[in-house]
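In what follows, chain A forms one complex with chain B and a second complex with chain C.
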Partner chain A sequence: MRFFSGVLLLPCFVASVLGIFKDDAYHTDWHIPLIGPSLPTSTFFHQPNQDSKASLIYSLTDRSILAAINPKDGELVWRQQLKESAVNVARAGNGVVVSATGTSVSSFNAGNGRLVWENAFSQNVVDLRITPANKVAVLFADGVVRLLDDKSGDVAWEWRELDRCADDVLVCAYGDANFLRNSTDVPLSLHVTKSTLTVASQSLKKLWVSTIDLATGKSTSSTTHISTAADIPAKHQAHHGDELLSWTEESGRTLKFVALPSTTPASVAIPNDVVETVLLSSKDDVVVHFKTHGESWAHVYKVDAKGVASEVYAVRPRLGAHSAISLNSAGGKTYLVWTLPNGETVLYDVAKEEALASYTLINATEIDPRHSVSEVVPRPDGTSFAVRTFVSSAAPGFVGDSYLIRNGELAWSRKESLVSVVASTWIELLDPSTEEIVEELDAETHKSVGAAYVHRVTRHLNELSLYGPAWIQALPQRILGGFVNKGTEMPTGKWRDFFGFRKFVIVITAEGGVAAIDVGRNGEVVWQASLVNAGEKFRGVSGIYEVRKGHVGIVCTGGSYVEYNAFDGIEVLKQDFTPSVLSTAQVDTQGGKKIIIALLSNNKAIALPMGVDAEFDSVHLTVKDSTRSIKGIRVSPNLISSPTWTFVPPVGESITTIEGRPAHDPVASIGRVLGDRSVMYKYLNQHMIVISTVNPTAATASIYLIDSVSGSILHSATHAAVDVTQPIVATVSENWVIYSYFSDEAAEGTAKGYHLVVLELYESEFKNDRGSLADADEVSSFKGAGKPHVLSQSYVFPSAVKAFAVTDTKQGITSRDILALLPGTQGIYSIPKRVLDPRRPVGREPDAAEKEEGLFIYTPVIEIDPKSIITHKRKVMGLKKVVTTPSQLESTSIVFAYGGDLFGTRVAPSLAFDVLGKGFGKIQLVATVVGLTIASFMVAPMVRKKQINARWSL
Partner chain B sequence: MQPSLPRLLLTLLGLLSLVSASDITATLQAWPLSAASPTPVGSVVYNPVTLTTSTTSLKPLSLKDDELIRIGSGDSDNGSWTVTTAGSLVNGKLVLQLDAEGRVYQVEVEQGRAAPEGVVGTEVELSRVVKGATPTLNKPVVLNAQGRVPEVEKEKTFLQKYWWLLLGMFILVVGGGGGDQAS
Partner chain C sequence: MKLLAPLTALYLLASASAATVRGLIPASTVLPNPSELPADTTITLTTAGELHKTFLRWDNTFVFRNVSEGSYVLDVAAEGYAFSPLRVDVGKGEEVAVKQTWRGRAWSNTGESKGVPIELRPIQATSYYQVREGFNLLKMLSSPMILIAIVSLVSIVFLPKLLDKMDPEFRAEFEAHQKKNSVTTDRMTNNIANFDAASFLAGMGKSSTPAPAQASGSSAGQGGNKRK
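Our next item is the complex of A and B:
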């Protein structure tokens, strides 16, 4: 029994040592929750319940996240990650927000975001509306309309008359006529009036409407087509309510709308240079908003009781391609809020042509609105208004950033575009203590010993006179500051703090935006720039590197190289080239500079920045050709690229992932010292890459360790009964590889579940032996430098792993933690490397030598201990990648995670051994020393007197 | 999990096909980085089941020792190629990577462990894909009909089992009458 308890306790013991301290949580880490770009028709102001006065902003985003935002400060009240889908609809109900993503419909409590009900169907949802009785009417892709109960989500009735015409029938009754049937109906939208539902669908290039009685679910009239010309479904954005149905004629130059239940459409000609048309409506007021590349304007229409629309007035054009209009009804009036590219807001009453109010944005920035929603409250004086507008931006590179403009004042903004970060690099900040004297130090190294000595003494004297007085003046304050133990404040600008916790991470969004995030100051965005111009499509990034101190170089796949000053975001250099880029690598030149080698799609190589005169050794790049082949390319010093090796896995296998060793991967010791003082030498190969393949027919997954110079296989292993649909994730560092896959139960003797496998590579299977490399002065991959001896062990892990990262410290002396990104909101889990050690004894207690080595008995399952989740209580969502970088402290590694939310923290895998903790009491220490000194001075005469008395008494 | 009959048959069939698998000939090609196309340099005949090579024939290459060449066994477009020097091909060990069916999917050169000087003629190694590590599970506890962990009956020692026999023999030996001395 004791044996078992010992086994159980051991992992707990290990984990509890490495958990996060309570006083570090929320201090050393930061988290920016993001929801992504809001969808125009699924974003609205809405009261969480009928009685509440304040409303929240509800938004469903293109990341399928439904969120409630507090309009006061922009904080998320709640958010829910729904199933990711291309079809996303959200509507406001009474006390609930109902959303549909893909095939499922769910209703959430508007106040706290709790799920009220969820109902999944077989077809995708096309449109969703809330009826006056708070029930949910849903239109599906197969043309079926279902009414769902507001309390349970159960289907109240189904209407299937849209698809009554089977595909194989040539002639069928459709509406009031017989038609030759060659295409299926495409359901478009759903409209609710007081007691009826109207379904709009398209068939035979015509628009049809069917009306259903809400109470019974039966058709009230036959399907009729309401347009004579050939129509296409709305190409414009339709931000309108239930009563309006709009579409565009096939020519694309006529916009039509009809105010239901009328069936006579009004038509509006779309001018030729218009690139985007938005139609908005609120009850019987209709606004058509036109945008060209240079300006935008709007026409306001009023629909009368007969359903005939007539133009009331037109808003004169204003400059700027992007602007957004929103309508809001308050106090019986409908207001039109127009947000211009520079953030200016103009308020109109739809009944009057002259503007009611205009607000210039005080803290003006280019907002480039894409769409907006607003809330207008007329103040009691009747002439002034409280206007707040939630704007989603279309700024190039940063599509989806959201702003709240309150009466011409930018209340808050959310960087929602950073939800799509795809690449990142770390930027070292400057050391304030050495930066100013760098040149002088450099001068000293180039002088003779005598001259350098004189130079240094004069420099020190100069510094003494320059900084000395100020230093002495600041001394009392510094000492006092040391006692008060207030948290050291992070510096700003381009300076790093003493411990190097402050670094910039430069990120690139999927739309081509570049942003510098300050990980030392809670993820603040320091600067941002765009790699694309307005209207341009970003083709992706091939490489992002710190090219020299304070400069970041970005290679865009489309064929351009851009260099920014990493501290202030000023573009230093921009070079364009053709054709597109396949792969990039950063190399050190013989002069100690860093350049980027880019392999282009015409198999030519170029050195970036172009025109740089640098000599470098041959570079080996790895390019994934297809799922069946990976190629090695050698770029020679004169920039001639030649294909070297090709890896084609065995028949039936397709390549899924490729991972290489990180660029900064210091190795503190080349061997591993065993308990008996012998050494096993690590197999360290900077060119080692890991390739994972899957074979769907045989349900196997294989892992290949390949030398990326020669292409030879260093080690390979195959796992049977693998669920090949689940991703295989791998990471490499030092002399080990860790990967995870999902094992199905089909294989005998294995456990169904996620497995973590660790491979450790040694030069030889024998102790104190360097294998085939024994006495070699130099080793060449080309000559077959011997195969490593591989130890491996596998563990069952309770969760899927989305990505791995390995903590990175300055010298690599600190033990490593493997950071596993768990899907969902589970966060980032840190596993100490010594848990994943293939030398752990299996089925027996470790002997004395093994214990000394720090090994403990093998347990097949690695439990997830909540204490080792470095995101602790934070609900992180959508993270895709974790990156690490060393700080100036050997114990500490800085972590940044992106891909959805942004999260940053610091971890100390071997605990913070080189820095005093927060609990260290300087006051107690000094007080003790002072107290002891005083006491010894006081006691000394007494002791002396006692001693003298003792002598005399003899 | 019990192996189903079709699965068993399949396995058997697989084994049969492997056992019956006759020798396979793999053509080796060398492709200098400077050349446009590969040239065959010889062939290796091997048995994919026993992992033994029967014949190896390699043409000498008329290349400088440090010239880089690609070696492989497939065609130039779809095959795997690894890079080595012409010299290593002669002196080193040739490794043929075999897939699950025993076909060569990659050829590479490995420097033999302390390759003796002047040995010409390539040594060939066949390398089959290894099974990856799987978790070493604990043994399941089998309960008896009462739902308890069955107590293992201790095996009785020879003495415990047959003491009465030994006792009988002892009595017989001790109590057995000696020779009829009187007569």
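Our next item is the complex of A and C:
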């Protein structure tokens, strides 16, 4: 019996977790791998191994992603997400790339990205250098220098002589003199020569250098100071080359650099209007690059054998605030590559003043270079060059976009700025079949029945003559196309496709860039705009909404409202106001329009766009005051805001997340039909929010379900032995809540691991009963929406969950899938809601009625089946949020994920029941019909003959 | 390894007392070449408040340094392969004990002890894709409905031929037997078979057609003749 029911259940279970078809993968989904803005000193061209001729671009980004980019096409060869940190350094070694993020140092195989070794320490890394023997010298924030072995990463020796003064000593020996101690040593940089290491540090407002023997790890000379004036070092470290140390003096108007081991610095005066100075060096060539708001230029210096620098020439200023210079040595010469804001590249030899070559960029607009690296190869003829430059952009709103310019041609670009997408909204595209006749349909509704009928018939006749011939002409092609299973071409412009798979998603980056992404056309960026001007800092976004057909409204936290035409990105409206915004909500006005209500930091509310007279019912907003309090605020129709309730969790708990029901959350059935045809009524409350809190001292996590209008607590649950350092994530939809947390062994005999909990809310615990709501026609939060009856079940899940999303379909008839965002590159996992069903019988087989209801026996573990990973083999990285929207097909929900990479796909939780799949054999069907027809025509005379013969032979 | 010990000891003194957990993914029947695993193969050690994460190294080993005392779940995330979780206990004296564990079971309920360094073997290779049910001749032929159809087709086509080759006496006996069995079915089929097209076309009514009893008798008598 047990076996039998298991077998019986298996097919239905399997059917509900059907995965991705191989022929759909890579067709219905798209993925844009991103790494983020490259860091200037940690980006370089480098050969993956000594023998290889071609080099790759290696880049560590401010998202702590180390990546190898193919300079030919801009594809990622490999990438690794390192521990996210503010301190990121990467250096090239022989066959490896060594990177330091925060306190850990790791070495990766340059060819395939496999880890060679890693090591972690107690202090943050300040600087890292590769020694000639391929070992790794690391300078830590506490002044310790460690040499790490190239094979294992183990510490070969340690040098701790920088900070010889204990904190409580007033007078201590420093270098060759005694000093009154009033500041600690700040380690700045590490420089490596053939056999020595030089540590630069700042103490007593002076710059010091100490030299260490590489072989032994002992100081070779006493610490000496090399500057006399008060300095602010560490501003300008050398990008390339290890023998140069540079800094600006306290005035900010003098740049000094010293070519180690010399200790006499050269000084360069910085003109008054310069806003940014960059120093670059390659061996004994030094370039100082000045940038003002309007132009930029450079000075080239040569350092002689004694370490004295002399100016060779100056490059004449060119217009444009953003430009980038990079140095590259090839064939015994050092080249200077200057990339201008319009993408123009100028090539110089550092020994000669006149430019060697200049390349104008034909196929791109402003690229606003922030920093660059380049590779110059002189061609055999001696006069022409192959120059390729990797440029990271500083365009306002889109910081970090990267470009590769090859001899004045834009070879490829990567939209790395979209790694920091923080908010998004869906935009419905127009239906080509109704959009053109909107006016005519409007006219029909305003006519009498007879006139409207005549109007419609004439319109149809007109359309027949207008579109008919073309339609008939295209028919054979369409039929043929249908047979060869050629995917239908997605329309362009502002039109949606027949199934509504094409939509725009408008995203906002953390830097204030707005971009429209076409999810129907593989994530193509349709238009982009910036909410900030050059040099301005973006203060964040409070709300982004589709305000009316084809228009997107954005409320910036800093106090502005901007409206764009969502199809072409043209700014329609911009309004500024003060002070900043706390919270926003979109409401329907009585006239059927949509407006945005923004609650400002002075507790006043405004309606956006300003100046429209709109009448609306009062709005209830939820504002998180602090980690200890959440407030409910009511905004009345005359825009007066008043607090209605405050939620303060019990002592010791701090609020981590607040989740509400999605704006589009249709409910197909208000009850759940049981096997015996009785009904359990769902507790449906549009104002339900879920708040999660953690208590670090007691190691507990709590969940509170709250009515956001009345503030009453509907349900709460507390879990013990929770890892409070890992975020608790929750999602709400319909009448259920799902959340996950990591639980330690709470008591003897309990499981350890990640838990998924489902709560389902019903109006009553009894069938066919509405509990306290009785036969109320309407339920209002004001009158008390009753207390729900909560069913819950908990499951063990193999992985942490970073975020949840729920599939969304047009009518909500299709069953739901819960999309769980897994960490690392594991992707997005979809769990059917019927698996997370608290009515699953525990410890026994389901009875006949329960089977009819579709329930199966409770199993405590939900294993990850790779077939249900909707990102399948794609390596998605850094995703933070998943959003869903319905398509025109009830079966299908469109998914978009952002926060790192960008990923989009379509999912059909109950399978694609309303559209023919790719597996439908049209040819087979037609062949069968044709075959049967032919067969019956052939057989018919035979049968007839036989019958006649039978008669005559009687 | 021994040579490095003093250095490691020095290093350990500097940081808090913590153990090093080492392991590898050896070649196994499921995974003959572990070097095929992608570079982002991740191994995690998790307990409340602590999450250690490392990538699989180029030589298919992994090392967690500075693991403090505690009881950890070890998980592997590798593309294309499923691994079972392990329980890793790090003691005060930095000793490491590894045991089999199962998700959803009590944490204290452990399986066999494993050696150190930890050897991880995938339990199975996993597939990311659903196979689309296309036209499959073998599968179609193995379906019972199709089998029944084939058997009946064979009996219709080949049985008469078989009968012809049979011993005349046995044949007569068989026919007699069939006659008995097929009276009812014959009656129905012969109604159609006996449709008199000529009389129908001649405008004669149904009354002129032979009576059913007669028809069945005559046609049954002709049964053998028909099949020539």
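For the reader, a short list of remarks on this structure follows.
By our rule, the second predicted complex is superposed on the first by the 928 of 954 C-alpha atoms of A that agree within 3 Å, B and C clash if a C-alpha of one lies under 4 Å from a C-alpha of the other, contacts with A are read in each partner's own complex, and residues count from 1 in each chain.
By our rule, a contact is a pair of C-beta atoms (placed from the backbone, for glycine too) under 8 Å apart; a residue touches a chain by one contact, two chains touch by 3 or more.
Predicted model only: the values in this text are computed from it and were never measured.
In the superposition on chain A, A:796 contacts both chain B and chain C. Once the two complexes are laid over each other on the shared chain, residue contacts for A:21 go to chain C alone; chain B is not touched. Judged by the touch definition given at the top, the superposed model places A:750 against both chain B and chain C.
When chain A is checked against chain B and against chain C, the one touching more of its residues turns out to be C. When both complexes are overlaid on chain A, the residue A:80 reaches chain C alone and has no touch with chain B.
In the superposed model, A:860 lies in contact with both chain B and chain C. Of the two partner chains placed by superposition, A:535 touches none, neither chain B nor chain C.
In the overlay built on the shared chain, the residue A:294 is in contact with neither chain B nor chain C. Shared-chain residue A:824: touches chain C; no touch with chain B.
In the superposition on the C-alpha atoms of chain A, the part of chain A touched by chain B in one complex and by chain C in the other spans residues 743, 745, 748-751, 795-796, 860-861. Taken together, the chain B residues at the contact with chain A in this complex read 1, 3, 33, 68, 70, 72, 74, 78-85, 87-88, 92-93, 95, 97, 99-101, 103, 105-106, 108-114, 127, 129-138.
Taken together, the chain A residues at the contact with chain B in this complex read 629, 632, 642, 644-651, 698, 702-703, 709-713, 715-720, 743, 745-751, 755, 757, 771-772, 774, 780-787, 792-796, 838, 842-843, 858, 860-861.
By the touch criterion given at the top, residues 4, 7-8, 10-11, 14-15, 38-40, 42, 46-49, 51, 53-58, 63, 65-66, 71, 73, 75, 77, 79-80, 82, 85, 103-109, 126-135, 193-198, 218, 222, 225-226 of chain C touch chain A in their complex. Of all residues in chain A, only 18-23, 25, 78, 80-81, 83, 108-109, 112-122, 152, 154-156, 158, 699, 721-726, 742-745, 748-753, 795-796, 798-799, 824-826, 859-861, 863, 865-867, 869, 872-873, 875, 917-919, 921, 924, 947-948, 950-951, 953-954 touch chain C in the complex they form.
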